[in-house]
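Both complexes below contain subunit A, partnered by subunit B and then by subunit C.
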Partner chain A sequence: MVDQSLSVPKYWRRIPQYYRLTALKCRKCGRVYFPPRAICDCGSREFDEVELPRRGRLIEFTVLRSVTSDFEKQRPLIFGIVDLNGVRVLGQLVDCPNPEKLSDNAEVEVVFRRVKEDSDYGIIYYGFKLRPLKGCW
Partner chain B sequence: MAIGIVGWGAYIPRYRIKTREIAEAWGDDALRIRDMYLVEEKAVGYIDEDPVTMAVEASRDALIRAGVKPSEVGAVFAGTESKPYAVKPISSILIDALGLSRQVYSVDMEFACKAGSDAVINLMGLVKANLIKYGIAVGTDSSQGEPGEHLEYTVGTGAVAYVIGSGNLAAEIKYTYPYASDTPDFWRRDGSPYPVHGEGFTGEPAYFRHIIGAAKGLMDELGMKPNDFDYAVFHQPNARFPVRAAQMLGFPLEKVKPGIVVDLIGNTYNASALLGLAKVLEEAKPGAKIMVVTFGSGAGSNAFYIEATDQLPGKVKLARTISEMLEDKVYIDYSLYLKYRRIIKMIHG
Partner chain C sequence: MGISALGYINGVHVIPPGRYYDKGYRELFAEAALKALESAGNPDIKAIYIASALSELTGEQLAIGNILRDYSGIRNAPSIRVENGDGSGGFAFMVALNHVASMNDGCVLLVGIDKPHEVTSLKQNKYASYLLDSDYESYFGATPVVLAALMAKQYLKNYEYKYEDLAAWAIKMHERGAKTPFAYFKRAAKLKDVLESELVADPLRLYDVSPFVDGAAALVLCSKPNTRDQAVGVLGYGFGASNSYFASRNDYTALMSVIEAVKAFNPLNDFNGIVSVHDTYSILGVLALESLGLCKRGSALRLLNEGYFDPGGKVMVNLDGGLKAVGNSMGASGVYQLASATMQLRGDKPFNGLNAEAAVVEDMVGVDQESVVFMLKVVK
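== the complex of A and B ==
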């Protein structure tokens, strides 16, 4: 998920993950890591960059009705875990005004959205979110 | 060298508001408003959507339809009049969001609603000069309409992107023709939250003079007539203007109707006519001849003569279609519209 306590340097370093879901695939055993990590469970340090697919299935989700002040206008916030070709990714679900109609296993797509911004004058942080293709309105 | 559209993509937000809902909120006559503009409803971006996010979505689909690797793209130009940052480009965000290389010509362009089409023409030049293999031209806007003023009934939200190149074409751009002048029809001063119209200039001296001038100039230079075209697509600030422009030029309604989207999503400014073209590409047959005329206040038009190739039909279903996005909608009321478009000044989130 896109970190909610971002600073400009941290955001800049994570742009490949936040913008394009860039993961690392182990050259030895083929396991894919998102977010990336330095050493694979198999012990290898050799990875290739891969982008995760932009469609997947919702595994589980939760609805937050009490949220921090930065996100009051987006209440209720929905967070879910999706399966993107075998890789589980946590993210915010959007364009889902009626979460009671949302169900596990719903098909979702990865979308590019504003995540937060530093006041009216600071930087706008962009990143990925998840959007159900249908069924929650 | 044949140059044209290798792929295209579009993005329309999921939320919609009926113009009737806006009229009722302000005590206007909803039927009169509908009759004036022929706009039933308009697309509204959610609170976390802006011209950057929509440009990314449209460009991703354009690359998929083009079958082009991000590393093959040599330029990305974004046309908009509603940049989230006054100083910080959309085009550089596109470079990293799309995974393009660092060796990319990139710039944001502004000429009211016309810049997206100028991006297309500039990319054609770079391709023709062999400076790039492919370029991405984007038209994206989430523009402003003062609450309670008539612009609020039509200002919509959307984006469109075209991959321009010289091989594997879905449609060849065979000719372009510009028509521009200093015409004070519409502007937004620096720091002003909403644009204003130079009332007497909006129709005849601005929209119609430039649209008709560009369309006639294009046809005169090519020796073509309205009968030679299968489709005509015009900039659409409302649904009346493009229909009237078609009548003035001699195009029958059935040639202009397929490219009209403003009645269902509002005026998407830099995406407007180019979104209409994207909708036409979804139904055009190989060999179809298409005229597109964009318009930007201030004022200017670019006319295009475009011809569909044999490869067009096979590319339509490779990404989200306009037809699908027009159906994918959730209606909101006026209070949610004010919140989503950040029209109410808020301190928190």
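== the complex of A and C ==
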């Protein structure tokens, strides 16, 4: 139980990023950071919270067949880099049974899904995933 | 002598990497440390630097220094453990080097040690995923091979290479490993073997991935050269870092941390000698050659296939077979590279007859997190 209560804050403190892709926008130069940072490359420390757009373009992807213990039941996993209006994020691609049919620059949308079940304690974790709009089958 | 070095590598020893089910951290440490000290003439040691990424994860041991020291009977020197993932070895060497450079006359011991085979491969993958950002990358199941695969796909596409061109890395590393006494893989591989090996993360196959191995490698680093041997000095080093969040990087076909690190030296485009790159994945070895400035962007794979980086040439890359053949001993891997480069410069068998005077050794943390690059030279 001690381990469980310790692992939960590590999860819930990141819920704004996991659920809503909450990023930080620099007040001085306008640069957007996901994940958030304490200081902008321009030197400013003043940011506003912004949510990243829900649609973007796929830049690159790969299919991972050798997964870690928390993801054994979900093998294989598809990972993609997606450009959400100039901010690039790494995420899992879902609803895509035939990834070889994915085209360059495919349009994707952000969806909310179960991410994993912890292999040691059975806690279920949630977060964003990326779904190709035109599917891939 | 003419050359002033930050420190001198006066003794080395490497344990052949493998799966040591019958030996723990302490046994491997003692074997590597005591033989390295012996080869340096058993000097007094001012500090013990331990490079390890996994000692608490797979060894379930914090404060491992005194356990290792006591077992090995090395007294009267503090132990300092350095953890920086699979780059621990290079970073520990950097700290040890600065320690030695601050002394008039003295030596320190550096041991790189890790035992990934204390746990199953699923657990090994999980621990390797800790090399990524645990909150924003590994949380979603990403591992280092995912990032390497994305880079490989972009590189092959941008520079119009086929996967067969990349397969040359594994083939050449296996060929070299077959002649290296301490390599983990000691057999040659054919193109067919590589092409038929299982996909890990496309385009990367099993042969593109360095195998996890248990290992320990040790160096004795001193402020003065050991006169009994042809001395190897460390002339300098450079450090560099890239964006920690992979997707936010501007360029997926270059290693920014290596480009930054190598700025510490004159441009390496005319470099002549030995090069050791941290090829945890084939593509990272290829990209390191370009990011070190040894050849133009996009040209490394062509040059590799043409034999430009083979033994006997101007730039001899991973003469021992690299991490691909020697194995990926995580926190120890950089110490293996440095020990091996020292043996290559000294002309120890089977590296005799190379007549190389300088070596560039590149160690990297994860997939382009941080890198450190060293320049080693024979001091006559």
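Just a few scattered comments:
The criterion applied here is as follows: the second predicted complex is superposed on the first by the 124 of 137 C-alpha atoms of A that agree within 3 Å, B and C clash if a C-alpha of one lies under 4 Å from a C-alpha of the other, contacts with A are read in each partner's own complex, and residues count from 1 in each chain.
Note that a residue touches a chain if its C-beta (ideal position, glycine included) is under 8 Å from a C-beta of that chain, and two chains touch if they have at least 3 such contacts.
Because the structure is a prediction, the values reported are computed rather than measured.
Between subunit B and subunit C, the partner in contact with more residues of subunit A is C. After overlaying the two complexes on the shared chain, residue contacts for A:73 are found with subunit B alone; subunit C is out of touch.
Once chain A of one complex is fitted onto chain A of the other, the partner contacts of A:51 are limited to subunit B, with no touch recorded for subunit C.
In the superposed model, A:65 lies in contact with subunit C only, and not with subunit B. When both complexes are overlaid on chain A, the residue A:90 reaches subunit C alone and has no touch with subunit B.
Legend: residue contacts after superposition of the two complexes on their common chain; A:19 is shown touching subunit B, with no touch to subunit C. Legend: residue contacts after superposition of the two complexes on their common chain; A:115 is shown touching both subunit B and subunit C.
When the two complexes are laid over each other on chain A, subunit A has residues 69-72, 74, 115-116 in contact with both subunit B and subunit C. The part of subunit A that touches subunit B in the complex is made up of residues 15-16, 19-20, 51, 54, 69-74, 94-95, 97, 111-116, 124, 126, 129, 131, 134, 137.
Only residues 10, 14, 17-18, 33-35, 60-72, 74, 77, 79, 81-82, 87-92, 115-116, 125, 127 of subunit A touch subunit C when the two sit together in their complex. Within the complex formed with subunit A, the subunit B residues making contact are 14-15, 46-50, 52-53, 56-57, 60, 84-85, 93, 96-99, 328, 330, 339, 346, 348-349. Interface of subunit C with subunit A (complex): residues 121-123, 125-126, 129, 133, 135-143, 145-146, 149-150, 153-154, 198-203, 245-248, 252.
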